[in-house]
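Next come two complexes built around chain A: one with chain B, the other with chain C.
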Partner chain A sequence: MLEKTLQLALNGLMAGAVLAVPAIGLTMVYAVLRFVNFSVAAHMAVGAFAGYMLNAWLGVPAWMAIFGAFAGAAAAGIASDHVGLRPLRGQSALTLAIASIAVNIMIESAIRFFFGGSPRDYAIQLRRDWVIGAFKIGPQQVENVIIALVAMAMLFVFLMMTTTGKAMRAVADNPVLADSKGINPDAIARLAVGIGMGLAGVGGMLVGLDTSIDPLVGFRAILSVFAAAVVGGLGSIPGAVVGGLAIGLAEELSLLALPATYKSVIGFLAIALILTLRPQGLLGSRVT
Partner chain B sequence: MSQSRLVTRRRALFAGAGAIAAPLVITTPGFGQTGPIKLGGLVSLTGSGSPFGPNSRVAHQAVVDQVNAAGGLLGRKIEYGAEDDQTNAEAGIRGARKMIDVDKVQAIMSVWASAVGTAVLPLCWENKVMLLGISAADSLADLPHQGYFVRTQPHTVLQAKQFARFILANNAKSAYLIMPQTPFTESVFKTIREDVEPKGVKITSAIIDNKKTSFRSEIDEMTRANPEIFMMGGYLAENIVMAKDLFRANYKGKVMGFAYGVTPAFIDGAGKEAAEGIYSIADPSPAFDSSAYTKLKTLVKRDVLDTFICQAYDHANLAILSMAKGKDATGTGIRDNIRKISNNESGTVVDNALDGLKLIAEGKEIKYSGASGPCKFADNGNIIEVAFRTAQVKDGKLAELKI
Partner chain C sequence: MTSYLVAMATFGAIYAVLALGLNVMWGMAGMVNLGIVGFYGFGAYITALLTVKAGAPIALGFAGAIVGTAVMAALVALGVTRLRDDYLAIVTLGFAEAARVVAENEIWLTRGTDGISGIPQPLKSTLGADFNAAYLIFCLLVLGIVLFVLERTRTSPFGRVLRAIREDAQVAAFAGKNVLAFKVKAFAIGGALAGLAGALYAHYSSYIVPEIYVPLLTIYIFLALTSGGLGNNFGAVVGAIVVVFFLESTRFLIAVIPWLSAEQLAALREFLIGLGLLLVLYFRPGGLMPEPRRRFLTKIAANK
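== the complex of A and B ==
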């Protein structure tokens, strides 16, 4: 039983680390623009397909194609925000969130139009799990976690050590004060959307590397991603990391007590619990 | 100002009268018997059924074009339109509602997923629209559909029995079944258990949440049990993920899956290494030797056809010939006449709508025998007489086996 629990925990941490990447994207957009942009799901798919084109069609190694996933999803994110959501700035957060669902459907449909609905596979070698004592771990899982950690570290450096990153944090903390200091909120918003959706794209490709991709690759993950961001505290980047790990762990460990068919319940349960007991999330600092 | 108000009132009166009269006109017998005859395809262009839905649409359209080019049906043109059910019930209902309420179709053809079929069938019988389906869930035939339902796909108990046969044929002592939640999951598990457990086979089963991206822990659990046979009972997307996890886990037992989930697209998605050796079970075999199969290959310009495009071809032919037989271009006309042209063993055998229409016009009896099989239906709508085949992935391709 202990062995099984530890294996599930290991699987959960691996899955959670990948989940944390798009969750950071979602929470980052929220921090600056103050609405939940559900089109993160479609941008996960955009990133997955951008990486697929580079890797499967052009032969670029998967780890390098990750940069393409980031760039593709970031560009699509900025464009979709500019066309679909920016005109609605000033409307309520609910209006923007609903509009983002519409944007999500349009992007997923566009992907389906060009690529079809069938699952696709990256041009990577399928490898057997490493067996370490009683535990199994997949080389791809380990690589995915490393890529996720590197992406998080680069984001941390950007936010903490660059002027633009500091400006972004300033807008997230106090947009009015930041504006009075001459920080261009539009430019920061565009940057936040670009980085946020770029990270979603990286997350989409990481999910795809371990499984397969289709236009709904992000849609299937969005509940867990949203739950991770809420649990960690919407707007908190460290919170999204903690939330991702917590949701990943909870979903896998739930198999000890619940049939696998109820895995999706965990995300809803986590959202309900956190909103009831600590609405600002584990690491969130305020309720908006 | 006063005149415009008068006009507004007059318009309002006309509009009101029109609104009151509309239901009377629409329900008057004979309305809808002029103008084009509408047939609809509710097909899966996206989601798990997307590898098959576009083919169904092609087959429907080809049959309709052929009949229209020869002068139409009962002196009227046939209009065909397809909606994407996205392989989910909610989108399926929206598509069916549009086809029934707006397009006024008389038949909805080739619904693939059981969840969609289950959701849409009540709409069909309430609106007297015929559903010619693929959906295999056993429960569909048990619904009070008043005869507005037939299917060419063998129902899932028949399919489950093929899995049970496979387990017994391999003298396995243990099998582990994993399926996503579907309207037929429980009946498949129950049928397999009933058939193999009395013969000493230990069965373990689990239902997975197919809305998740990974099933790694579920596969870990299965490999810990170390069964001789594993049933990977998902649709395409889940099967691809599970097959990769099976390869990573170095599972050595036999793996079997539903034919609709172990397809060439599955081999492409999972990769040759992960797909190698996996069995495709309960595949309703098209009638390869039939003249209908040959004609369909020519019609759609393809060398190889799967069962679903064959079934879609048969749906369109059956709907058209039933209407012609009853000289009644409605869903009720199809319902009342479909067995007269499909179960009539004394009729002249036809394999396409054009030949059938000519014979019907000459007052002759016909028996439609299709590309998917003989197309005979029981009173509850289930298909009678099905040939199954079993295949195995060998060198990245599905090779048929004799078991």
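== the complex of A and C ==
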């Protein structure tokens, strides 16, 4: 029993690290633009398919194709935001959220139009699990965790050490003050959407490497992604990491008590619980 | 062709009841519900279980669907009334997803993905071939009653309080209104209507599966309500008609562009639904029939 619990906890932490990547994307876009962008789901799929084209069609190794997943989803994110959501800036957060759902449907159905709805696999070898003592670890999961950690480290360096990163944090912190200091809010918004959706794309491909991909690959994960961001505190990047790990753990440990099919409900329960007990999230500061 | 039109009109009426339910929650009380399909499916399952498994009469199935869904909606509302709009959207979306997962997995109760078949259709044996037409009339009758009652509600003191809460809950509370109670009631009424719509669907199609919880239906209803006019009951009905017409007319795209596969057509249709919703938000955020305002308020606005 203890071994099983530890094995599940290990799986949960690995799944959580992957989950944290799109959750950071969602929370970043929220931090700068102040609305929940539901089209994170579709951009996960865009990333997954961009990586798929590089990997399965052109033979690029999966870890390199991840860059393509980032670039594809980032470009799609900036474009869809510019065309679809920017005209509605200044409207209520809810109007923008609903518009982002419309954008989400349009992107997902566009992918389905060109690629069909049936699942596809990346061109990766199935490798046998490593057995270490009593534990089993999948090599692909380990690779995914490393990719997720590298992506997070790069984001950290960007936000903490570069001027643009500091400008972005300034806008998230106090848009009016940042504006008065001469930071161009439009440029920062575009950058935040690009990086945020790019990270969503990386997350989509990582999820796909673990299973398979289809146009709804992001949509199926979206409750977990939202849960990670909300539990950690919407708008807080460290929060999204903590939230991702927490949700990953909770989803895997739920297997001790519940059938696997109920895993997708855990995210919903976590959201309901955190909003009742601590609406600002674990690491969030603002309630508004 | 006639039977096709009858079927479409029936769906239009069911969607209209759903849109009216969403209008009570969102249009009147200002609480967005991205999980309206969850309540719809819940109602359909209640009546299916009551009439098929427990052998209850159809009327009891309808009553059970309405009351059961109202209670469920009230419980959800109790948990979420304090939440901001965007959190409310996430939580209600999650609720619908959870409801679908339960319907899929509690096989002992819902027969899982096999669904529940043999849901009785009222007077099917006596009506025979006329069933569909008669059921359409029944749906229209129900829709008419719902519309009448909701119009009365909208202009009643209760409806005015709801709108006051929607505009500014703090002011309403300051005026001595129990905001929580009003919000829960509005959610329960909206939920009851969604459950009613689900029951109408279940007894029409006679067969339901967990697919009934498809999130796309929520989007259809959102499109119906925003295009018709959020806050306007007649707008909700007009919007539902527009959406069904729009959905069905895209079916005929196959005649225009025959080289597309069925899957591509379905994808194209969903794309157009998304585009439609976006365009409504851009160009007619008030919908085709914007919410009626008091005349002096419009005058004040005009003089500004």
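Convention: the second predicted complex is superposed on the first by the 288 of 288 C-alpha atoms of A that agree within 3 Å, B and C clash if a C-alpha of one lies under 4 Å from a C-alpha of the other, contacts with A are read in each partner's own complex, and residues count from 1 in each chain.
Everything that follows uses one rule, which is that a residue touches a chain if its C-beta (ideal position, glycine included) is under 8 Å from a C-beta of that chain, and two chains touch if they have at least 3 such contacts.
Everything quoted here is computed from the prediction, not taken from an experiment.
Under the clash rule set out above, the superposition-derived model of chain A with chain B and chain C contains a clash between the two partners. Of the two partner chains, chain C is the only one that A:88 touches; chain B does not reach it. By the touch criterion defined above, A:230 reaches chain C but does not reach chain B. By the touch criterion defined above, A:112 reaches both chain B and chain C. In the superposed pair of complexes, A:101 makes contact with chain C only, with no contact to chain B.
When both complexes are overlaid on chain A, the residue A:275 reaches chain C alone and has no touch with chain B. Once the complexes are superposed on chain A, the part of chain C occupying the same space as chain B corresponds, among 57-65, 111-119, 219-227 or 273-281, to 111-119. In the superposition on the C-alpha atoms of chain A, the part of chain A touched by chain B in one complex and by chain C in the other spans residues 112, 116-117, 223, 259, 261-262, 264.
Listing the residues of chain B that touch chain A in their complex gives 45-47, 50-51, 180-181, 206-209, 211-218, 220-221, 224, 236-237, 240-241, 244, 247-250, 265, 268-271, 273-274. Those residues of chain A lying in contact with chain C across their complex are 35-36, 84, 87-88, 91-95, 97-99, 101-106, 108-110, 112-113, 116-117, 223, 226, 230, 259, 261-262, 264-265, 267-269, 271-272, 275-276, 279, 288.
Chain A meets chain B in the complex at residues 4, 7-8, 11, 15, 112, 116-121, 126-129, 136, 138, 140, 207, 210-212, 214-217, 220-221, 223-224, 251-252, 255, 259-264. By the touch rule above, chain C contacts chain A in their complex via residues 32, 34, 79-80, 82-87, 89-91, 93-95, 97-98, 101-102, 104-105, 216, 219, 222, 226, 263-264, 266-271, 273-275, 277-278, 281-282, 285.
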